[in-house]
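Shared between the two complexes below is chain A, which has chain B as its partner in the first and chain C in the second.
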Partner chain A sequence: MMGAIQGPPKKHPHAASRVYEGEAFIVLPQYHEYKILNAVGTRIWDLIDGVNTAGDIARIVAEEYDVTYEEALKDVSSFLADLEANGMLASAKPS
Partner chain B sequence: MAEERPVESNAYADLVARSWNKALPMTALWEITYACNHKCAFCYNCPERGRREMTKEQIISGLSKIADLGCVFLVMTGGEPLTRPDFFDIAWAGKRLGFALRVYTNGYLVDEIVARKFKELMPFEIEISFHGSRPETMDKLTGVPGSYGRVLQGIRNLRKYDLKVNMKVPITNWNQSEIRDIKALADSLGCHATFDPVITPRDDGDTSPLALQADRDFLAKLWSPEYADLTHEEVPLPRNDTHVEANCGTGRSTIALDPYGNIYPCVQWRRSAGNINDVADLRSLWKESPVLNEVRRIAMEIPKTTLKTCESGEFCSFCPGVAEVQTGDPRNIYPQVRMTSEIRKQRHSEFLEIQSRTPA
Partner chain C sequence: MTARQAIAESVTVSRRPEYVPDLPFHAARHRSAPAHDGAVTLAVGGISVRLFGLEADRVETLRARYGIFSRAQAPSPDLEIKVSSSELPRFLEVQDRGEHYRVDTRWEADTLLACSYEWAGWMDAGRREGGLTLAQEALTSPRGFDRSLENFLRVVFSHLIVPRGGFLLHSAGLVRDGRAHMFFGPSGSGKTTVTTLTPEATILSDDLTMVVRDAGGSYRACSVPFRGLFAPEATSDATWPIAAFYRLIQDTEDRLERVQGARAVGELVGSLPFVTDRTEIAGLVMDTVAKAAATVPIFRLHFKKDRTFWQAIDPNVLGVDGFSAPAGIKA
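Moving on to the complex of A and B:
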C-alpha cells in the first residue's frame, strides 16, 4: 500500500474528531460510523493538516518514537492508506 | 438522550463509560430557539415571555467555547431549530469547529431546498419527531392540521438524499395503538424508528403532559416479546452497572444550553451552572462549578441509595432531573418510573418462570 497517498494528506471535511485521554475519536457522518485511534494513530491524525506530507509526518514520528525514518515511513504510509480506505481523508471515495 | 447507557464492551461503549466515570464532555445539546411551528400537547419547553434569545453571533461564540471544552457531538434542537432563519449559518459554524451534528427537528419546514442544504451540511443524524400512523392522530398531538403530510414529505425529501433519519416517537395513550404501523412506515421510508414511553413534566414543574402517558396495560404489552422488534429487547433486563458508576451522564458526558445561554448539566436537569455569554473559560466552569459537581455527586449516589431502596430499582431508568422537577428532590422515585420499573420487573420474572419450566 506504500505510495498510495499522493501529496499532503488532508482530513475528510465531514470527519469530526476530538481527542479523549490520548485517543482520537473520529465521527464519519457520511458513513454513520465512529473510529477510535491508538496513541500513535492519534499523533499521526493530529499531524494531518493538508500541508505535512507522508514524509514530513514520518520524520516527526521517527524522532518522537525512536524508530528509523524508513520504518516510520512504511508504517505512516500504510496507516494513511488505511485512513483513506476508511473514508477519513479528503481524497477518499466519494460519499 | 444523546448517549445510551454503555452496557457492552467495545471501543465506543468503553469511551462512553469513561466519559461518564471521568466527566469527559462528549455531547453538547443546545436549544437554539423556543420558537416552534407545532403545539405539541406534551412539550416540556417553557419559554420566558419577552426574553430575548441569543443572536447568531452569540451562539457561534458559545460554540467555540464548547469546542474548546472538548465536545464532539453538537445536538441542535429547540423549540423547532429550523424556525431560525440563521439555522444553517449556525450549523456550518459548528461544522467548521469540528462538531459532528445531530439535528432534532419536527421536519415541518424540510422542503426540497432545505433537504439539499442538509445534504451539503451532512449531519451525523437528523431526528424527526413523529406521532402517529394516521394524520388525525399526529395532527391532534402536534396541534397543527396538516402536520402529518408536511412532516412525511419532509422525511421523504431527506431520504431522497440518503440522509440518515431517525423517526423519534414519544408513545402516548393517543398513539399507542399505532406504533406498529409507524414502524412499518419508517421501514418503508428507510428510516430508523425509536419509541420512547417516557413523557416528562414541563420544565416549570407542570405535570399536565403526564396525562398523555401510555397506559399500564399497553406498557405491559410493550415490554413483552410481542413488541421485541420495536424495543430491541426480548425480555426486560435489569440495569447493568458493570461499566459505569454514575446513574447517568448528566454533567459528565453532556452539557445542555437553552436559547438564553443558560448552561445545564443535561436537558432534563435545569439547574443553571452559569451563562455561556458570561463564561470566559468553560473548561474551568466544567471542573469547578458547584452546580455541576453537586449533580455529579448525586448521580453517583443514586445507584447506591435511591435504586437500592426501591423494590424494582434494578429495572429503573431513573432521571434525577425529572425527580427534582416533579417531587422537589432528585433522589426521589417518581410515579412514572415506579410504574415502568414494576412492569419491567414483572415481565422479567415471568420470563424466568417460563424458562425454568421449559425443559432444557
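Moving on to the complex of A and C:
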C-alpha cells in the first residue's frame, strides 16, 4: 500500500467512468485497462471530487453504511491508496 | 501468433528517433493539389470513405483487395481522404522485437491524428475530411502499401462507427439460421477455433466484425474488408441480426454464464480496437457499448475446443429476449 493521500483526492483526468447497475466502470486509456468497482467503491468514487477529504468521505460512508468513523476512515484510506496505485487518482503515475 | 505480431516481427528493430507528424505537417499536405487523379470509395456498414490522390494502378490494387466493399463512386461520402507521400523512410520505429503493430493516436480538438511505422493520417469527421501520408517504405513495397492503407482504414472506420451507435469488435462473427453469433476475446482466446468448428455457418470474420445499430435500435453485424494479409476475402456485405455476444474462455466444459451491467460493458470494451486508447471519446464509447449490452445478451462462453459448445448456446440463447428456436439447430 502507498502512503496516505495528501489533501482532497481527485480523479485522474484520463480516467473516464460510468455507473451501470450500481457499479462504476472506469476506463484508463493511458494503461489500456479498465476497472469495475463494487457498490461501496462506487459510492466512494462518486464522492471523490477534489474537494472532499478522506475524512469527509469517511464521515459519509460511516453514516450510510452504519460503521464507526474510525473503521470507515481506515477502509476509505486503504481504498484511496489502491486507487492511487492503480493510476486512478490525479496524483498517481504520470501519464 | 497473430498477423499483427507477425508484421511487427518482420521488420527490423531500430533505435532511430521517431517522427510523429503534427497537425501543421498534415495541413501543408492537405492544401497542396493531389499528385494523382485516381480515387476509390469503400462502403462498410453504411459508412462510405473515399480515398483520392491515388495512382491508377493503386486504384486497381485497392478495388481488387476490397472487392465487394469498393465502389467506383459514392454520392456523398462520409469522409474524403487525400492520399499523399513523404520523403521520410518511415515514421514510428519498431522498438521491441515482437511488439504488436503500434498505432499512436491523439486528438487535437475535433481532429484525430494517427501514426504508425509507414504511415501517418488524420481525420475530422465533422468536416468530412482526412489525409493519409505514406512514407517511402509504404510506397516502395506492395505489402507495405496494403498494410498501411488497411491499418489507417481500421482506425478511420472504428472511429466513424461509434457516433452512429456501432463499433468494430475483435470477434468471430458466425451466422446460423439467419442470426449472427459474435465470439470475442483477445488473441488466442479461440475466435478462429470456433470458426473452424462451425463449417455450416456463414462466416463474417474470424477476427474483426462490425456491429451496426439500425434505425429501429436493433443491432446487426457485418463483415469488414480488413482481414489482414492472409485471411480470405469477404463474400457478402449484408448485415445480420445479432443473437448474442460471447466472451470466449477456454475450459474443460461447455457452459454459458450471463453477464450484465458493468461487467458486460467491460467484456465488450476490452475487445474494441483503437477507440479506447484516448480519454477524449472513452465516455461516448462506453455509452455506445452500454446501449448494445442492454439490448443484446452477453455471455461468457466456457468451451472445450470442440463443437459441443453449440449445445450450450442453443437452448440458452434461442430462448431468451424473444428469440424463438428455429428448427434444425443441433450441434
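Throughout what follows, the second predicted complex is superposed on the first by the 92 of 95 C-alpha atoms of A that agree within 3 Å, B and C clash if a C-alpha of one lies under 4 Å from a C-alpha of the other, contacts with A are read in each partner's own complex, and residues count from 1 in each chain.
The definition used in the following text is that a residue touches a chain if its C-beta (ideal position, glycine included) is under 8 Å from a C-beta of that chain, and two chains touch if they have at least 3 such contacts.
For clarity, every value in this text was computed on a predicted model and none was experimentally measured.
Q: Determine, for the superposed arrangement built on chain A, whether chain B and chain C clash or fit.
A: Aligned through their shared chain, the two binders clash on chain A.
Q: So, does A:Pro29 touch the first partner chain B, the second partner chain C, both, or neither?
A: both
Q: Considering only the touch criterion stated at the top, classify A:Glu21 as touching first (chain B), second (chain C), both, or neither.
A: both
Q: Let me test your reading of the model: by the given contact rule, A:Asn86 touches which partner, first (chain B), second (chain C), both or neither?
A: So A:Asn86 meets neither chain B nor chain C here.
Q: Once the structures are superposed on A, label A:Thr53 by its partner contacts, choosing first (chain B), second (chain C), both or neither.
A: In the superposition, A:Thr53 contacts neither chain B nor chain C.
Q: Residue overlap on chain A between the chain B contact set and the chain C contact set?
A: Of chain A, residues 14, 16, 18-21, 23, 25, 27, 29-30, 32, 34, 36 contact chain B in one complex and chain C in the other.
Q: Considering the complex alone, what residue numbers of chain A touch chain B?
A: Checking each residue of chain A against chain B gives 14, 16-21, 23, 25, 27, 29-30, 32, 34, 36, 95.
Q: Considering the complex alone, what residue numbers of chain A touch chain C?
A: Listed in rising order, the residues of chain A that touch chain C are 13-16, 18-25, 27, 29-30, 32, 34, 36.
Q: Which part of chain C faces chain A closely enough to touch in the complex?
A: Within the complex, chain C touches chain A at residues 260-266, 269-270, 276-279, 282-283, 285-287, 290.
Q: In the complex, go through chain B and note every residue touching chain A.
A: 11-12, 15, 18-19, 22, 24, 26, 70-73, 95, 98-101, 122-125, 164
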